[in-house]
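Chain naming follows the written order as A, B, C and D, and within any one chain the residues start at number 1.
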Amino acid sequence: MKKQPVFLIVGGDLRQLYTAKALCDDGVVYVLGFDAHVAVPEGVRRWDTTAEQADYLILPMPCTTDGVLVHAPFASQGISLSGLPQLLSRDALVLGGRVCAATRAVFADCGVSVTDYYAREELSVLNAVPTAEGALQLILEELPTTVFGLRCLITGFGRIAKVLSKILVAMGADVTITARKPEDLVWAELCGCKAVPIAQLEHLLGETDLICNTVPALLFAQEQLRLLPPDALVIDLASKPGGVDFDAAQQLGIKTIWALSLPGKVAPISAGESIAATIRNILRERGRE
Amino acid sequence: MKKQPVFLIVGGDLRQLYTAKALCDDGVVYVLGFDAHVAVPEGVRRWDTTAEQADYLILPMPCTTDGVLVHAPFASQGISLSGLPQLLSRDALVLGGRVCAATRAVFADCGVSVTDYYAREELSVLNAVPTAEGALQLILEELPTTVFGLRCLITGFGRIAKVLSKILVAMGADVTITARKPEDLVWAELCGCKAVPIAQLEHLLGETDLICNTVPALLFAQEQLRLLPPDALVIDLASKPGGVDFDAAQQLGIKTIWALSLPGKVAPISAGESIAATIRNILRERGRE
Amino acid sequence: MKKQPVFLIVGGDLRQLYTAKALCDDGVVYVLGFDAHVAVPEGVRRWDTTAEQADYLILPMPCTTDGVLVHAPFASQGISLSGLPQLLSRDALVLGGRVCAATRAVFADCGVSVTDYYAREELSVLNAVPTAEGALQLILEELPTTVFGLRCLITGFGRIAKVLSKILVAMGADVTITARKPEDLVWAELCGCKAVPIAQLEHLLGETDLICNTVPALLFAQEQLRLLPPDALVIDLASKPGGVDFDAAQQLGIKTIWALSLPGKVAPISAGESIAATIRNILRERGRE
Amino acid sequence: MKKQPVFLIVGGDLRQLYTAKALCDDGVVYVLGFDAHVAVPEGVRRWDTTAEQADYLILPMPCTTDGVLVHAPFASQGISLSGLPQLLSRDALVLGGRVCAATRAVFADCGVSVTDYYAREELSVLNAVPTAEGALQLILEELPTTVFGLRCLITGFGRIAKVLSKILVAMGADVTITARKPEDLVWAELCGCKAVPIAQLEHLLGETDLICNTVPALLFAQEQLRLLPPDALVIDLASKPGGVDFDAAQQLGIKTIWALSLPGKVAPISAGESIAATIRNILRERGRE
């Protein structure tokens, strides 16, 4: 009988516990970095010094915020990155989310490369689902009208916009996509949306109840925001710089929400299962299955 | 030039203010039963003794809870039903929601019959939308998983079930309808759901993450509830008796929400506009347009 | 071991052979009224005088056209209705489609009542699917444009209109429903269509590429047809009187197709399986399962 | 007043006439290469020697089959490529479909480059619609069952597969996508399909009523075809090499259709309008609008 592979999941938030749970179908799973008061799913073992050596080490997203300790918000004691290599079996694989140079350096010293599961396209697609659903939850909570009949403007037509627009169209909203590429506009129309080149954005704003921005560029400065109806809602789903001048919005009294990191917040179980599915794909491609 | 019709809207909650607002396109609109601190939408007038006689009197849903005073939760002073007939013009129409015998009696004395807009099928259909969206909001708020992939069981296939299942199917949930009538089961399959005769309900329960009950009969007693997974969510959308034994659910630790009167809570603007649309249909059918 | 029930299927077109095939899961199945050159599905037996007595006799739709012989277009020799009762076991059930008085009379003489499976609502719903798909096939064959973007007008919002509009909306057509009842118009909007009261039908005609009529009343007389663009296509799905003045359409050069009995023509297998499913429901309700 | 631009459309099939018609909104449009008996849409002019010089020359797809004459199946007399440059105004743009070296050479001599509208992504997306609808028409025509409930396998998840699966899912088919990339499989699931890695293709074949192949690689050799049910239908939508061993299919009695160039066949009007829309995008990007 073939020995079961050993997974060691270190640090991260609740998502990682659900990743751990999902991986129980694939082998023995230990977690490290969750204090005793944090319940661990059935089947998942807490790591201690008697544990087997790990064939797969799973680091969180991000792996570390200071380059020294693993990012482990549920651990009261720091877990040093540099202590991890000794827990690995020979030929172990290390996987992490948004792997930084410091993390790579630690493992490179022992000849181990780190695979970034967060760079995998399928995980980005999977994460679009809880992001879109989280945005929908905000819309339902904030607006005193139904989504049915709502005039929505979504900027961009990437993964999140595709999933979100599909839901809103199915709910009977009147969805307009604005984007730059002609093929995105065609796809938007095939998906039941109106499609308007981004150059014409401003003509749309007066007739919009809801804006969902997915473009990380300042599309909504004061100049654009003042064209919105006063009771419009703006949800910014774009990462880092965001797409909205929040100060200007506040001055104009336009309700604006910058919704970041929705998957872990609204659906940690699904988000964890998606990480597990992605890890499984990586292992299969490496012939590790 | 034809004289504009005069609407008088008495009592009710915020929905009635939005009904008032929507009716401003159709005539002059007064409201009565909203204290000074409650903002009234632009275009809507507060009734006072100088107001014109009303061609249309709109009572809330319900019209009254004690048979004497209009149901007016936003008024600190009582408004007597019996004082209303004198505010009407000749040939005025009176409309109300769930009109009771006491209300009918007050107007019958002056030879005026009361039309029940709440008995109109199109209003029931329109109200299914905010009800389904309100249920969706609860699902999104309560569950740590995505709706995508969620195993949902909806009992009954009336208006609310039809609208709710359409949304859940579009979001990628795995939706099963259980109902009594063979034709309902066929329709459910045509709508992308699985369909199971209600006699087989119990076989489904072990594999269900979410139950939405729309049948006003005790389908979920202790016997059924104990078959559910412990982290299942039960939302009861059925009126009056409901369909769930809440005490049994609590003992079993099954999270259960009895969600009543969702339209006015989650989407008062849309709910008010739906009442206005229904009133417009009634007037058109009476040749009053 | 319980004796298997015996089905005898007499007359009808190919659908009845597929009904026969589907019923092989439920018992022993004989067919009568298909000449030797007509292939019979695997598992189905041809009736002869050595056959067992039938527990269930299934007549076609219609049962008879002359009141004397079973409607059996694939049989070169006539099969007399009056000879059938002697083939039945005690307590046999007789089922037929659109059962006429003559058929009832034949069996009433032996104390057997005839159940009309064609009167069952679930069969009507099931038949809406091949009808809508058959209409779609005509649309795809006839029009030199895509359904995507097509301006379609469907009259009525019964079963066929519901299924057909669902498909057309999903394909990106611009679908308008016109109907009489306010609740039908609301449902049409919830299903992603535009909805227009039938009184305003004529305003729509100039902007319509395709009409699918499901209302058995003369909605499209010369007066209406002449408002259509010259290259519009009219498909009449309404039974008996139909809804289109075909002579007027021909004079105006408007292409018009009266599409009747589509289920048996476009999808005899599915149509036969639907009859079998309906028969199974009837037996279950009678406790015969 | 600004002078209207002059378009000259040379050669091609009916699509080019509809391209011409659609471009009438943008300027003066001449066509060349359609004999007198071929009707030309209203507003479109036949080119003769008195015509103005062309600002935009539109060649068909392909531009030429022999490198000398324009591909002009509706012209009885040959139109030489080399004669076209003299019909152009200064700064004219030349556009063609699948522009070959010979065509480029002719115009390069006069310092004119040729833009390939067929290489534009948005045209490929637009053409996926009539391709998918054409495939659907074949399915409806060929199969004696409804699409509702049909077990369909689509190989690949590019443009055509995305549009076709969307329609089939909406019609209630049971659609499985098989593809290589993990992210394509995730997208397929988000679109309501089952998704199976292409390595597991053979396990699916026994339970499949319809195969639509979009992958230009021999996925269906004798070995695979013999796993199909005998009444399965195979539609090959892949270009050039195709994906099916047609001889093997014939020997096995598996009905197989190689469906090429569907847009021009099933929806020439829409196909022509798509070319016009693409040309408009090109002109806008060049600041020519």
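Things to note:
As a working rule, a contact is a pair of C-beta atoms (placed from the backbone, for glycine too) under 8 Å apart; a residue touches a chain by one contact, two chains touch by 3 or more.
Remember, predicted model here, so these are calculated numbers, not experimental data.
Rounded to a multiple of 5, the Cα-based rotation taking chain B onto chain C is 180 degrees.
Simply put, of B-D and A-D, more C-beta pairs touch at A-D.
Note: centroid distance chain A to chain D, computed from Cα atoms, is 37 Å. Inter-chain spacing, taken between the CA centroids of chain B and chain D, is 50 Å.
In chain D, the positions touching at least two other chains are 129, 148, 166, 172, 190. Chain D contributes residues 120-122, 124-126, 128-129, 163, 166, 181-183, 185-187, 190, 278, 281 to its touches with chain A in the complex.
Against chain B, in their complex, chain A makes its touches with residues 129-130, 133-134, 136-137, 140-141, 143-149, 166-167, 170-172, 266-270.
Across the complex, chain D meets chain B through its residues 148, 172, 189-190, 192.
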